[in-house]
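Read from first to last, the chains carry the letters A, B, C, D and E; within each, the first residue is number 1.
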Amino acid sequence: QANALEDISAAGKIRVAVPQDFPPFGSVGADMAPQGYDIDMAALIADKLGVDLELVPVTSANRIPYLQTKKVDLVISSMGKNAERDAVIDFSEPYAPFYNGVFAPADVEITEASDLSGKIIGVTRGSIEDLELTEVAPQDATLKRYEDNNGTISAFLSGQVEAIATGNVVAAALIERNPPKLPEMKFLIKNSPCYIGFNENQPELMAKLNSIIETAKADGDLDAISQKWLGMPLPADL
Amino acid sequence: MSLIAIDALKKSYGKTEVLKGIDLHVKQGEVIALIGKSGSGKSTLLRCINGLEQINDGAISVAGEQLINDELHLRALRLKVGMIFQQFNLFPHKTAGQNVMLAQQVVKKRPKADAVAMARKMLDRVGLSDKFDSYPDQLSGGQQQRVAIARALAMEPMALLCDEVTSALDPELVAEVLQVVRDLAAEGMTLVMVTHEMAFARDVCSRVVFMHQGRIHESGPPEQVFNNPQTPELRSFIGMTG
Amino acid sequence: MSLIAIDALKKSYGKTEVLKGIDLHVKQGEVIALIGKSGSGKSTLLRCINGLEQINDGAISVAGEQLINDELHLRALRLKVGMIFQQFNLFPHKTAGQNVMLAQQVVKKRPKADAVAMARKMLDRVGLSDKFDSYPDQLSGGQQQRVAIARALAMEPMALLCDEVTSALDPELVAEVLQVVRDLAAEGMTLVMVTHEMAFARDVCSRVVFMHQGRIHESGPPEQVFNNPQTPELRSFIGMTG
Amino acid sequence: MSYQFNFDWIATYWPVFIAGIWMTIQLIVVGGIVGIALGILCAWARSEGPKWLGFITAIYVELIRNTPFLIQLFFIFYGLPALGFRMTEVQAAMLAMVINLGAYSAEIIRAGLEATPKGQVEAGASLALSPLQTFRHVVLVPALQKIWPALCSQVVIVMLGSSVVSQIAVEDLTYAANFTQSRSFRAFEAYFVSTLIYLALAIALRFALLALGDMIFATKRRATR
Amino acid sequence: MSQIGFADILWNLIMAAGWTVVLSLISFVGGGLLGIVLLFARIGKVSWLRVVVKIYTEVFQGTPLLMQLFLAFFGLGLLGIDVPPSLAAGTALILWTAAFLVEIWRGCVSAIAKGQWEASASLGMTYVEQMRHVILPQAFKISIPPTVGFSVQVVKGTALTSIIGFVEVTKAGTVLANATFQPFTVYGLVALIYFILCYPLSLSAKALERKMNVTHRH
């Protein structure tokens, strides 16, 4: 098994899968360049490794295949951790908070999972929300799984679904842009912080990433990123 | 009164005038042969009578009713005069019987049983009672043309227009079709037909009309037209076709 | 020795035997007419001699060499016998001149200047020296067929095979092509031709071969074949085509 | 190559594939039937209908033929609600397929109509059939028969093109592959299997359509009897 | 995420359309070159090669381009090749385009009258010489209208590369629709861009076809 960390150093370049459909973690500006929490995080890692950064936009559905097929070295795309995923890839320490929940306009009455009965909920295929909601949603709730967050959000905005499951900060970013439909948090599905994903059996890489994250937490770098994109300090329990 | 009355009929395609003023009255039971050189306007005249071409000037009336070019009048006209084409124009996706039945059912709204009975009767009349379920491409040219005649007859028209109904046939099949036309004439059907079969015209027709350059150049009973042509054009035409 | 020697030739398409044992020897300078009803196998015989069809049995040799079905032998054979088709088969994307030059350059590797000179000479020979730069679709059928003859001649074959070279032509164009063939015969070219022009065959040929149902039924000099046919089939064939 | 192929996931996810195949079949049956019907209407409008209708049809046909199906789908699903037209994703997918096939089949059918000998129309007219009756009883069937193979190919193309409807969360065969790979992380295997299924569907669909044509246009069979 | 105005949308879409054009050109040129090679195999004398190419065309015409893109994207990666979306998109589109062009061109070759083969054979030309001097030049001419017509399908086919993450005009459209909340405008513009790219191709294919039917001259 090759040493991924050495390969990265040798290449002088790290390829990182980031979202571009998932504000505030990753989205595009007027110039279509990616920006957001995950992008800053990727830049931080590259900086600490002393290599160049190559951003590869991915979707929730295809980011793991990207990693498995070695199209990228790391996935920094607000990815949550679960057992299934842990079986095929490895995770670092968490680098960002993420609370996902069900969101809907004010006039839709939902307070807990059982209220989803008979409703149509949009979710991004392959995301943690998808996996979790599939577990907790009642039998007669309809989950519409979209290819990427663009699809999920567009479906919500165009009224094709009544509610969506996504992260609280994602919803917040959405509200900030003053959309035609205002999502409000109905209930929390899971507290599922974001982890960096990478291929298995790379102890050197894992150690290096974890130490970078530790340092960044300690010296306030991560807090700055959090302030910048989430508008709040990094939670202490992360 | 004439069954078909054509007065000062003119017809142009674009700038070329093809019919330059035709007057022709056909009485009930008359059998008229239109003869003339290729391009003289014979087909065009028939097509005008059937409303397949819009006329530019003059008038056509059938059974006292004026030909007016809207759908309703055209349909009424076409119920009175049937037309048979050189190329048969049977519907290839329908059997002989269905070919004969179609217009009866669709236009005349006859119940199916009646249409079948009529189709059998008409196919019988043209000697094809055993071909009811054959498709056109299973029939010889002569048989196809006889089905086409049966199809027109089933609409019970007052007159039939025939445009060179034997020209597309192999020589050995011409006779069977001419026999059917001969029978129709004998039964008193009003017929206007374009033909190159001079012997047949002489034999069957009550009047022969010779067209030349878009005009009726000469006309009369067959004996007179064939034995005693008045104009050099007709003389040369008759000499030509022998 | 015969230029073309055909012995016990058999040819089938699938299960139907089209040539059922043909023996035919053609000497240098002979002009042979193949006649017979449609489907009797005349075209097939020519196509076998030119190697366009694989034979099933028997042997064909040209100028002493056996016809063997591989590309090298076929090519050698085709350099010895040229073929002219009913449908001319000129190359539509090339001018008359280029049509005549192409095979010379490609097959015989003649330098361009020589090929041009030869093309001019051959087009001149068929009376088309002014059509060097015309494309086939700018030529009449008769002219096209003469270009096809020039094209074959430019390869300097020992014999020419002609399959109904005038059948696709309008009547008024037949004569010009036949005149070219007549000239070739007079100049001593060995010719095997399928033709329906009986008068021409009688006039020009040294031998007439009558084919019937895949066999040579009768053959001999034209006077004998046409004036004194031995078999009822040939008699009926000659009577038929007048 | 270090990658190990693994098809264990089929045991878990085959029901998703069955559901996906069924959805794809439903889509193409509805899209095919309604699409061809629309194609016939448009072909009529362009060759015999009133001028203005022919003109509108021409614009419709060219617009559809010169833009990608995916964009048509997005436009219908995400764009139309902005104008107040809302439909489920399955309805949107079916509508997009109908509109798409309608435009292509209109051109194909029109070619068939134009190849109809003029004499057929005249024979219809001289039997006092109205233009519409002539179209319906005389012209249409032989025209369809002539272009049936081309029409079959187009239906197969639309069926294969329907693989993008999973983009709007229609749970078709491609969705099954996407869903499976997002759970099992066996992307290559999932797509490979669904590609094979599509190939089988395409072959079966073509076969079925051609057989259907032989059945509808029975004359052909009888003629060669 | 600052305000994105109409001008920004339009500008970004036009920039992305550049990729659509580039990708179309790559597919068409690459597919054309591969198509020519495969054409020779398809109409050549080696029967197993003919069968292989026939199967190739059946498979690529009988499966969705989308699936071919996915497989190129994830399959090539498995072979240890580093596959950016552009490479996967190019590969799949070239293979797909070639499959269609081979069949179009084969149809053109077989449309050349049998007499042309026979006439050139009887002049002693070999198979290759016949192809080179007689058959292909004629087939080439009649192949132009359907080939131009097919290029429209190629341009439209590039839209599917958005699904594997290649940022051409469709992908830019989905991102922008999401960022601006104006799907109607954005997808309308995207459709318009495709129309502007494709319609001239459609028109010229039709015009070429008409011209060819009027005169089939050199």
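Heads up, the rule we're going with is that a contact is a pair of C-beta atoms (placed from the backbone, for glycine too) under 8 Å apart; a residue touches a chain by one contact, two chains touch by 3 or more.
Since this is a predicted model, take the numbers as computed values, not measurements.
Novice: Return the chains common to the contact lists of subunit A and subunit C.
Specialist: Per touch definition, common to subunit A and subunit C: E.
Novice: What rotation angle superposes the Cα atoms of subunit B onto subunit C, in degrees to the nearest 5?
Specialist: Rotating subunit B by 175 degrees superposes it on subunit C.
Novice: In terms of CA centroid distance, which chain is the most far removed from subunit B?
Specialist: The chain lying farthest from subunit B is A.
Novice: What whole-Å value do you get for the distance between subunit C and subunit D if each is reduced to the mean of its CA atoms?
Specialist: About 53 Å separates the centre of subunit C from that of subunit D.
Novice: Between subunit C and subunit E, tell me the centre distance in angstrom, where each centre is the average of that chain's C-alpha atoms.
Specialist: 46
Novice: Cα centroid separation between subunit A and subunit E, in whole Å?
Specialist: 37
Novice: Which residues of subunit E are in contact with two or more other chains?
Specialist: Residue numbers touching two or more other chains: 74, 78, 80, 163, 174, 177, 183.
Novice: By residue number and range, which residues of subunit B touch two or more other chains?
Specialist: Residues: none.
Novice: Among the residues of subunit A, which are close enough to touch at least two other chains?
Specialist: Within subunit A, residues 62, 65, 68-69, 147, 151, 154, 158 contact more than one other chain.
Novice: Pull out all the chain pairs that touch, please.
Specialist: A-D, A-E, B-D, C-E, D-E
Novice: Over in the complex, which subunit E residues touch subunit C? Could you list them?
Specialist: For this pair, the touching residues of subunit E are 113, 115-116, 118-127, 129, 133-134, 137-138, 141, 216-218.
Novice: Touching subunit B in the complex: which residues of subunit D?
Specialist: 117, 119-120, 122-123, 125-131, 133, 137-138, 141-142, 145, 217, 219, 222-223
Novice: Which part of subunit D faces subunit A closely enough to touch in the complex?
Specialist: Touch residues, subunit D against subunit A: 77-79, 81-82, 86, 88-89, 166-169, 175, 178-179, 181-183, 185, 187-188.
Novice: Tell me, which parts of subunit A touch subunit E in their complex?
Specialist: 20-21, 23, 27-32, 35, 56-59, 62, 65, 68-71, 147-151, 153-154, 157-158, 173, 176-177, 179-180
Novice: How about subunit D: which of its residues touch subunit E in the complex?
Specialist: 1-3, 62-63, 65-72, 74-75, 78-80, 82-83, 156, 160-164, 167, 174, 177, 187-188, 191-192, 194-195, 198-199, 202-203
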